[in-house]
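Okay, here's the structure, questions in a sec.
Letters A, B, C and D name the chains as they come in the text, with residue numbers starting at 1 for each one.
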Amino acid sequence: MDLFEYQGKELFARWAIPIPEGKLATTPDEAASAATTLGGKVVVKAQVQVGGRGKAGGIKLADGSDETRQAAESILGMDIKGHIVERVLIEKASDIEDEYYASILLDRAAKKYLLMVSSKGGMDIEEVAANEPDALAKIHIDPLLGLQSFQVNQLVFGSGIDAKARSGAAEIIRRMFALFIEADATLVEINPMILTGQGEVLALDSKVSLDDSALFRHPDFEELREVVATDPQERMAKERDLNFIKLDGDIGIIGNGAGLVMATLDVVDQAGGRAANFLDVGGGAGADDLSNALEVVLSDTKLGSVLVNIFGGITRCDLVAEGIVDAVGRLDVRVPIVVRLDGTNAEEGRRILSVASHPQIVPAETMSEAAGKAVEVKV
Amino acid sequence: MAIFIDNSTKVVVQGLTGQQGSFHSLRNRDYGTAIVAGVTPGKGGQKIEGIPIFDTVSEAAVETGANVAVSYVPARFAPDGILEAADAAVGLVVCITEGIPANDMARVYKHLKRSDSTSLIGPNCPGLISPGKSNVGIIPGEICIPGPVGLVSRSGTLTYQVMHELTTMGIGQSTCVGIGGDPIVGTSFIDCLERFEQDPETKLVALIGEIGGDEEEKAADFINANMETPVVAYIAGFTAPPGKRMGHAGAIVSGSKGTAQAKAEAFEAAGVRVGKNSTEVAELVKDALASIG
Amino acid sequence: MDLFEYQGKELFARWAIPIPEGKLATTPDEAASAATTLGGKVVVKAQVQVGGRGKAGGIKLADGSDETRQAAESILGMDIKGHIVERVLIEKASDIEDEYYASILLDRAAKKYLLMVSSKGGMDIEEVAANEPDALAKIHIDPLLGLQSFQVNQLVFGSGIDAKARSGAAEIIRRMFALFIEADATLVEINPMILTGQGEVLALDSKVSLDDSALFRHPDFEELREVVATDPQERMAKERDLNFIKLDGDIGIIGNGAGLVMATLDVVDQAGGRAANFLDVGGGAGADDLSNALEVVLSDTKLGSVLVNIFGGITRCDLVAEGIVDAVGRLDVRVPIVVRLDGTNAEEGRRILSVASHPQIVPAETMSEAAGKAVEVKV
Amino acid sequence: MAIFIDNSTKVVVQGLTGQQGSFHSLRNRDYGTAIVAGVTPGKGGQKIEGIPIFDTVSEAAVETGANVAVSYVPARFAPDGILEAADAAVGLVVCITEGIPANDMARVYKHLKRSDSTSLIGPNCPGLISPGKSNVGIIPGEICIPGPVGLVSRSGTLTYQVMHELTTMGIGQSTCVGIGGDPIVGTSFIDCLERFEQDPETKLVALIGEIGGDEEEKAADFINANMETPVVAYIAGFTAPPGKRMGHAGAIVSGSKGTAQAKAEAFEAAGVRVGKNSTEVAELVKDALASIG
């Protein structure tokens, strides 16, 4: 689960990572009143989960409530790379003396945590790594041992940040690590981490991803999740416990198992089509799951066809077929549904579909054939 | 022969008294696998369909000689279960459970690598099958036949798809291993490739990868440097958009890293032919086997 | 630092390990009023840091305030193996259905923590280990990994405690481990841990030792330490930062380095004498340390002689000699002080002593000679 | 030759800018030891008596080629210091610091044993000296002369006493190692005995033990099973009362375990002669050397 900047900063505040004073606003009026409360110059920042909002005009400096209202008016509702801005963060403007970078993530290749600090902030860190490796300190943290003080030293001295910023940065690194472990994050990134003219070190931006699998340990994070899932179709899938990702094609995809669904997207592409989504009903899906999955996928009005690709293992094809029959019975189905069933009880499943003989159900024998048909029958 | 499991395999099931655990374990037993014990603390002394239940894995291992543990326990208890099986020195632990927090697995992985006496397959994997010998986990035994192809995969149903196509063509398998789709899994492609290379029964290996991480790239390097046995590969996720997690926690393209294209190129550079879909992979396997003779 | 039962139970309460309700009393009146507050039958328990208080009459059952007052009167002031009882713990009597044992300590051979649980409580655990090994479950805990749930299961199932006590015992084991790590203990022992008729599991006794080296992490434990050091001579040594242990002979021993002082005790024994104490002035001791050490040792009125055995390394023998001269100048020295100096600046040290030519200072050339003289010159 | 340290030893000092660290390190340098670097975070770039200071051990090791680290930092920072030196792969870490909490050392010990590339001597130890070659720590170099006796001890000043008696008799030492008196130390008697056994310069080993633990008993078993080189022993604490901690955190007799008597008997059973005091030990060494010829 990827958090918005302001949500990440809420966590920063809880883990005592210093941030500029700020307030969230969803309307220009709220923004103006936030500016009044904060006083002085403020920064109005679009809350979107995509890079490059600065270049897109999603960050504006403002002085006083009027300027802030205007800035918020121009930013709220803006479309930044397909993300509509629904919230802005109003923050006190900082007196930036220098900009740094700090992050922590799970390095799956090393099976350890990777901490990185750079004296070059506000830039893409892969670029810094490639062009100015001396400005970047990287260390691995043993998951059993945890972060050691000497490693914090290696980061602050090795990255070449200003001597004035060392103790503040060291403290932030320790707290970032605590947040990462205690909140079960998969990424915590501060870019830029700044040194102010007053000698403070602050997190000016936040990028935090949480481990969905660990949410059972953090019931209080559920409310973060509610805000994150803003797309109505994605929310619909989440409510039905389906693994759904919105894509930009017009062929709806349903399958069982992440690998098989990915492979299905590829085969559709090879057949000249484009997938409208990724939907994995998971292992052991029953009739209800299939029926729900079709409901979610069919709610996309731009759809041309649907491909259901099931390889039965734990999942029984007869139940899958029942789910499809149920869905086409209760929903207004305006596009063809190509169905390919194989594995456990596949014959029985095919029989059920053939008995139902719904005009929109198109049977297919193999994955490739199914993909071809899904492209062919598109309306 | 085969790798990991064969006719000498004796399985203790963690979570045998649960719904999933009992369903699949009884299916495994029907396949011919020796399911010798179950473990559920507090239910020691009971029996499930004739299988004795113990309170701890170590007790079960001592009493029954179990040499493989398979775990179906819920995600929040699964890390402890893996550690328990390792502590009981069963040798191989297969963790089917999905949704284990990454931090928990990082710690478990580190601990297991220290001791080195236990192999872990998974978590979030379908298990493994040595057709005609032993089946541990949720792979449907019906779609396999014994034969010369070793199969290793990060995926579940996609593996079934490939197995099915091979079997339909009359090509059998030595062992099929689902290593799991999580960012941290106990057994890597390389671990399996090493074993297949040593296994006289395996004449060819089919590797099924997917987007995310760099395990496929490492496998390509390994094949290039260390393998006589021919390998064919298949990568899922050519059309996956960057930054989106495609079902598996491990399946995510970060920036320019972990793309299917990069992985396919790494394999091709190592002389490994890459199929574009499951049918093509099966064809490549058939051709390669024919050329071995 | 070894704690009294009631101090250990204060820590148990903080770490949520269930204990019987109780109150500490230092007078019979306090004991009587505690009994009234607690109500019902109570147990009056002598607070001493030595085993076998039960057999010595240091534990009495009482019903009501009068009986409690009488019991406290008989126990307070009692001498149990050389320990004078200054405090009694008044506890509600428990309805004991079964008695178990639980402990955790650092196993220095394995370099891991050792957890033990037995279904045979109230007995010496070494005896249980020898005679009824099936009633004892032992497991090692990896210091980096910590206690795992499966290990708790191994203990409660492996020890053969009653099924009714399992969940209560499991909870206590988890909390004992947390206490052990978080309080930096070197030993936590509960013997007996009981199952009551009501199905509760309680810690009926406590034995807790804390790691002195870790006290910097636990400033709040300093008050425990003040109570523990009750011997006036030991308290005097502690105030002067000297490593002192009271023994029962009549030759005072001062040396630098624990090994050398132990060896000095042995040599005195071989010469037919008995040491009155162990006193290590530590590495790099100066004149003040020596002077203080002599003051502490000489405060023992049963003393016959003193042996000062110094091998100079960091410690300079000239400073040692100055300290001795200072001490004999300001104190009323009624016993001979045998002094052996070797190593750094030994000659200068001997010269200083010879110039001072105090009647009680007896020089010696070697360790053996010094030991012999200390026995010989005893008054 | 010698063990652990010799003429090729280059030392980086953790805590060189502190009082203890500078005092002993300069003494070590006067003895002839190559003290090549000091580490104090934030003081990188400075010099102490010509010795360059670095912010981190890894930087110091890279810049100076240091292959031994010695630590004088306060107890609460010392565990981190040991881990840092191990991380910098200096090979040998000597920790003089006393008073490190046992829990901290348990974790550090476990971590070091996992990696196995770093040896730790101490903590709470006087260090070690290879007379005439190198001196790392606080052992007074004046009381040693080069020669054939390897010395290993849990104690500090008691070791000086024995070294002094040997030197006075004209018997020199190959290496003297103080392994430290804490319950958990990085290097055991056995680790040193193994090295002495391999060292052609060491003709005889003197082992100085004390009450507490079972390291002496294990050493006796090891000597019996694995050593050609003769060993003589000395145990301090015959008259120590049970249950009292005799200065060293490790020196405590628990119940019937860890007594000097038991240890002496273990040695004698292994054919190791045990002296009753330091003078007797020196005499035993002299006799044994004479009988080797």
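Operating definition for what follows: a residue touches a chain if its C-beta (ideal position, glycine included) is under 8 Å from a C-beta of that chain, and two chains touch if they have at least 3 such contacts.
Keep in mind it's a predicted model, so treat the numbers as computed, not measured.
Novice: If you drop chain C from consideration, which chains still connect to each other through contacts?
Specialist: Ignoring chain C, everything left is still one piece.
Novice: I want to compare two interfaces, A-D and C-D. Which one has more contacting C-beta pairs?
Specialist: C-D
Novice: If you average the CA coordinates per chain, which chain's centre is most distant from that of chain B?
Specialist: Computed centres place C farthest from chain B.
Novice: Calculate how many whole Å lie between the centre of chain A and the centre of chain C, each centre taken as the average of the chain's C-alpha atoms.
Specialist: So the centre of chain A lies 58 Å away from the centre of chain C.
Novice: In angstrom, rounded to a whole number, how far apart do the mean CA points of chain B and chain D lie?
Specialist: That pair's centroid distance is 48 Å.
Novice: Using the average of all C-alpha atoms in each chain as its centre, how far is it in Å between chain C and chain D?
Specialist: 28
Novice: Scan chain B for residues touching two or more other chains and write them down.
Specialist: 107, 111
Novice: Do you know which chain C residues sit against two or more other chains?
Specialist: Chain C, residues with two or more chain partners: 142, 144-145.
Novice: Chain touch graph shape: choose line, ring, star, complete or other and state it.
Specialist: Other.
Novice: When you check every pair of chains, which ones turn out to touch?
Specialist: A-B, A-C, A-D, B-C, C-D
Novice: Using the touch rule from the top, collect the residues of chain B that touch chain C in their complex.
Specialist: Touch list, chain B to chain C: 41-42, 44, 55-59, 77, 80-81, 83-84, 87, 107, 111.
Novice: What residues of chain D sit close enough to touch chain C in their complex?
Specialist: Interface residues on the chain D side: 24, 75-76, 99-104, 106-107, 109-111, 113, 126, 138-140, 142-143, 153-161, 164, 181, 183-184, 208, 210-211, 213-214, 218, 236-241, 244-251, 255, 260, 276-279.
Novice: Taking the complex as given, what residues does chain C use to touch chain D?
Specialist: Going by the criterion above, the answer is residues 106, 108-109, 111-113, 126, 142-144, 181, 184, 186, 211-214, 216-217, 243, 245, 247, 255-263, 265-270, 275, 278, 280, 283, 311-315, 342-344, 366-368.
Novice: Would you mind writing out the residues of chain C in touch with chain B in their complex?
Specialist: Within the complex, chain C contacts chain B at residues 142, 144-145, 148-151, 153-154, 157-158, 163, 166.
Novice: Sort out for me which residues of chain A touch chain C in the complex.
Specialist: Those residues of chain A that touch chain C are 144-145.
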